[in-house]
Amino acid sequence: MSGKAFAVLVALITLVTAYCVIAHVWWMPVDISVHGPKIDSQLEETVFVAGTLFVAGQLVLAAFVFLYGSSRDKPKQIPGGAKPLVLFAFLLVGAEVLALSFIGSKAWGAVYFTAPDPGALPIDVQAGQFAYYFRYAGPDGKFGALHPALINEGSQNYFGLDPEHDPDSRDDIVTAELAIPVNKPILLTLHSKDVGHSFYVRELRVQQDFVPGLNLPIHFTATQTGRFEIVCTQLCGLGHYNMKAYLSVLSQADFDEWLKKQAAMQ
Amino acid sequence: MGTTPAAVHHAPPQGFLRKYVFSVDHKVIGIQYTTLSLVAAFVGMVLSWAMRVHLAWPNAKIPLLSLLSPNGAPGGLMTPEYYLSLMTMHGTIMAFFVLTAAPMAGYGNFMLPIQVGAADMAFPRLNMASFWVTLVGFVLACATFVIPDGPPLSGWTAYPPLSAVGSVAGPGQGWGQNLWGLSIAFFCVASLLGALNFIVTTLELRTKGMTLSRLPISTWAWFINAWVSLLAFAVLLPTCLLLVLDRLGGTSFFIPAGLVFNEQVQPHAGGSPLLFQHLFWFFGHPEVYIIILPAFGIVSHILPTFIRKPLVGGWKVVTFAMAAVGTLSFVVWGHHMFVSGMSPYMAMVFSVPTLFITIPSVIAVLIWVFSLYRSNLRFQTPLLFSLGFLSLFITGGIGGFFLAQPSTDSYLHATTFVVGHFHFTMGLSAIFATFAGFYYWFPKMFGRMLNERLGKLHFWLSFVGVYCVFMTMHLTGFAGAVRRYSAFVDDFMVPLIPTNRFISVAALLLGAAQFIFLFNAVWSRFKGPKADDNPWSATTLEWDTTSPPPFDNFGGRQMTVYHGPMEYDGEAGVMQTSPEASVAGT
Amino acid sequence: MKVRFTPVGLLTGSIVLLCFSFVLAKPNHKVAASVGGQITGTVKLDRIAPKAKPIDMSKEPSCAQIHASKPATMESVVVGTRGGLANVFLYLSEGYTGNDAAPSQPATIEQRGCVYLPHVVAVNVGQKLVITNNDQTSHNIHPMPKPGGGNPEWNKSQLSGAAPIEVNYTGEEVAVPVKCNVHPWMRAFIAVVKGPHAVTDDTGAFKLDNVPPGTYTLTAWQETYGVQTSKVIVAPGKSANVDFTFKAK
Amino acid sequence: MDDSLVAATTHHDGLMEASPYGIDKKKLGMWVFIVSDACTFGAFLFAYGYMRVGAAVWGTPFGSSSIVNGVLMTAVLLSSSLTMLAAVRASQAGAKALAVKWLGVTMVLGTIFAALHLREWFKLIGEGWRLFHNPTGGPAQFGATFFSVTGLHLSHVVTGVIVLAFITRGYRRARYDASHVETAGLYWHFVDLVWMFVFPLMYLMNAH
């Protein structure tokens, strides 16, 4: 009795789960990056590989429990004993694992082993409890040096720039929103002002931590215009859940327009 | 050398204190540990309740909370910082004081000496010390709830600088974090002493005929696990000390230069948060196996009894799988740091062994599942929970494929997918195995049977509940729901609120089901029917003595072992100590 | 311009002070008040206001909404049309000996549109300060007093619709900066003092009432330009006039 | 692997299976402790290396006097290992008085080592070195790592001396036997061995 109930329950759970995953009841949002499709296909690949193991595993378990739940015949081991099982594990799983790590490394490499395009638009990103600020180099194409001691949010000097003594920093454009031109390589440099944070844009398929003390570069190219959320995924304190900014992917023209407006507001 | 009789190397103590409180008897200590974990488990569960309620109904007022912390929950309305504190303490208490303590220190202490035919642990006083040190650690952890600063909010991983710079980083980073560091340090010391005791006992105190090849698989699991703990906790200990040094000694091991809080530049310089992450995860990943290996052992030990046949491949295959898992667990920690700015090449280096560690795990699973082939299942509660463990562990393991690869992890990292994954693999799998062990050994530990009906009810509700809660978390993870958020305010999170409510309701029911278990345990402890010496007709030494066992475990009998631990053939079963012929057809 | 000090003035001052010292010594403030004088004046900036920086609230749509028509600007320097300097806090930094009970009605800070209202809030020592959140989003309130000034540092979240936070300030301090870590642009100042005080609006005008006759140092504090002081003598029932002019750096 | 273990453990007379390593539980326990403690030291030294590699410049405060002092300490500790060895030998040979004498010498040497060590510490502290401060203006990590690593080792030495004192006392009163002395010796040699890593890493590499 219990046995059949258990078997049915497990089978049911397995099928419902499989359905939800295959039917994408909950799934990733549209992908707007050039490298994204590689990651998506890798995920689909993994869903296939792991999903098969999941369904197979659960159903075999359910089947055995169902079949022998009430059996009182003399027990027998499976023919061949443990050897085939071990062999199976090594060959099949090993093969899948190898496949995943190699295809996977391709996808990973495509994102992280490639050098940023020399013409990429550099943007400096600073995370702090609990907001992001973005810095564009301005006409001179040079970022001003940062002086932590000068950081003063009361006067909106979020980065700690020193316009009085540092010409490079005078034309730096600091914004609270990340706007980028579509179809143009972007090179972000992430640095944190205080604790660990993270830069997560689901549509870009990009997630990268801010590690205090390090300047971490990430580069990508957005393929669709629109407004997307940037959220923090690294526990950073009481405002963690509320730490976000917006990514605006604009046409080149709109972007230039936007940048002018921002420059005027400095 | 080593041939001195195991029999009473310390006389039965007199007086209540020596007998039940400051006892050096491994059985009492085992029960003390189990009780401690039980208390801790319910504390941790209530914390998760509060979190789930707040997540589903952010404006819900929880009056009791305002009593516990007027600051954290003014008027019962939970503040984000208090949510994070509850989350941190839930993780800490569950991971350390429940999952690490119960199946290893709890059952291991009680059963391992008996299973090898010894009268006690190798170092009884050390054993007592490790329990009391654990208790101190637990008290310190709980103390964070009552101090003004409140509990820490930097998660059970306590990443610096958040955890290292002190209150400038916000509420919960004051003395709460100091106590947290000390609490874990105490727990490390206790675990090290315990591991040492387990290893020596297994190797040195086996009774006549109990060769290594005849050890019950649970003993093997505890033995292997002791080695993993011995190395892992030996690294967590200094890590905690260095963290506390950064906080109280003004050092900068984990704090880089030029950090700015509230427009004040911090005095620290030269440290590296990544150093902490490396040290922590060098412990942290073995830790999840420290949690799951005893579960492996318990299930491998219980299954044969209730399917009335040995495991496929006997003791060797599973044991070697466990040993392989334990060894590999030390070379995979980097997969927690794929998005931490570690070199992407390092990420590849760590990804491969992480995927390969699935092989021994799969072998173990295959052994368990295929052992059911042509078996005689006996559907008593311990078996149900063992089967439940199998299902949960398979599911949890599958999630690993997604997180082991940097490419897919870069999307799923820090989503609820991760939360669902580790709750399946190490959280609930281990808990189910622990329940299996509880229903299986309760008669031996307390001399009374648990109520089967309640036990089964407890199983069905828990099993369904677990899937409703944590499988749903996997799915929302695909949608990108971020973990450790105290409210869903982001545009893409808002649509998930209904799903989230469902999870919360399921979680509350899942929690409620545990009270059935609590009632069953307490009631049966005093009113349950008396248990025979061997109620499950099992074959290992703990079933070859009275329930509960006498002070020296075997009443002065010299135990001699003739068989392996899995001598089952349908009805028939041969005690390890009986000279009869073997019946198992391995 | 400044108040002129004549021997006569000083003499009258001291005599007046003498006469009323025992009255002041009495706890009965009605008496002191009834005969108290007042200090009036205006605070100006020596040039037209620097361009106020607009605030980019894009991270908090619910607040950006509120300021959609006219973006909020930083309030570090706010100058009225006639050159009056707003958000200047004036108080008697020396010479005030009264110890009147703090007003029973609380001072308030309101968070609306991710801005603190008012920007500078005056609190008597021991007076209750009530902080309310009228935004759709949650804030955290984080006053940063000088260490050792007797005012504890604290940092609390206040969810949208949460109960007001009530605090007491016991140490005199001008002024405690307040920030919200979730919305870094938010900035307010809590000025904690004893006795009469005032905050200018953008006409720059101010008026300190019920000043017990006597000689005082009147201090004008502005978050960007610092402090200016001036000696002032208050005669019973009379009104002394003091003007300040801040120099923009 | 398991077959050899099985072979090593089956067919033994007596009431219990013999230790697969043929040693008693105290000794095995000490070995296990040493393995674990080595990991702890390893973590500390790893942190030190990480700090040092990460730092652009590094304080090298040790002049010849400190190095001489360090060499002296090393010599003392090494010779204490030899005297410990002598003590163990003597105790196993049943020469109780001799063993006690050697144990005494070992404790004295251990104490001298601690004294020399503290002298070094106070010298540095006098120069202004702290856990969090570097008087030469370099990174503060030197003080942090030096004091924590050597502090940990020093605490081991002091504990060792205390343990030896207990063992000696028990041994003289015949409460402990040669095996206890041997186990204590294991610990002592381990502490000595650790110093063989600490000395070059913390002293020689930081000499100017």
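Letters A, B, C and D name the chains as they come in the text, with residue numbers starting at 1 for each one.
By definition in this document, contacts are C-beta pairs under 8 Å (C-beta built on N, C-alpha and C of every residue); 3 or more make two chains touch, one makes a residue touch a chain.
Being a predicted model, the structure only gives us computed values, none of them experimental.
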Distance-to-centre winner among chains (Cα means, whole assembly as reference): B
Chain pair with the greatest number of C-beta contact pairs: A-B
Centroid spacing, where centroids are CA-atom means, of chain B and chain D in whole angstrom: 34
Intercentroid distance (Cα basis), chain C paired with chain A, Å: 48
Approximate Å spacing (C-alpha centroids) for the pair chain C, chain D: 64
Residues within chain D bordering two or more other chains: none
Where chain A touches two or more other chains at once, by residue number: 128-129, 153-154, 237-239, 242, 244
Residues of chain C touching at least two other chains: 137-138, 155, 157, 179, 181
Chain pairs in mutual contact under the definition given at the outset: A-B, A-C, B-C, B-D
Touching residues on chain B, where the partner in the complex is chain C: 58-59, 71, 74-75, 77, 79-81, 167, 170-171, 262, 487, 489
Of chain A, residues touching chain B in the complex: 1-3, 5-6, 9-10, 13, 17, 20-21, 24-29, 38-39, 42-43, 46, 49-51, 53-54, 57-58, 60-61, 64-65, 68-78, 81-82, 85-86, 88-90, 93-94, 97, 100-101, 104-105, 107-109, 111-113, 128-129, 148-149, 151-154, 160, 193-196, 198, 200, 202, 205-209, 211-214, 216, 229, 231, 233-242, 244
Chain B residues touching chain A - in the complex, by the definition given at the top: 79-81, 84, 153-155, 159, 161-162, 165, 169-173, 255-261, 263, 265, 271-274, 307-310, 312-314, 317, 339-341, 344-345, 347-348, 351-352, 355-356, 358-360, 362-363, 365-367, 369-377, 379, 384, 387, 390-391, 394-395, 398-399, 401-402, 404-408, 410-411, 413-415, 456, 460, 463-464, 467, 471, 475-476, 478-480, 482-492, 496, 499, 568-570, 585-586
Chain B residues touching chain D - in the complex, by the definition given at the top: 1-7, 122-123, 192, 195-196, 199-200, 203-213, 230-231, 233-235, 237-239, 241-242, 245, 249-253, 267, 269-272, 275, 278-279, 282, 316, 558
In the complex, chain D residues that touch chain B: 2, 5-6, 9-10, 12-25, 28-29, 32-33, 35-40, 42-44, 46-47, 50-51, 54-55, 130-132, 139-141, 143-144, 148
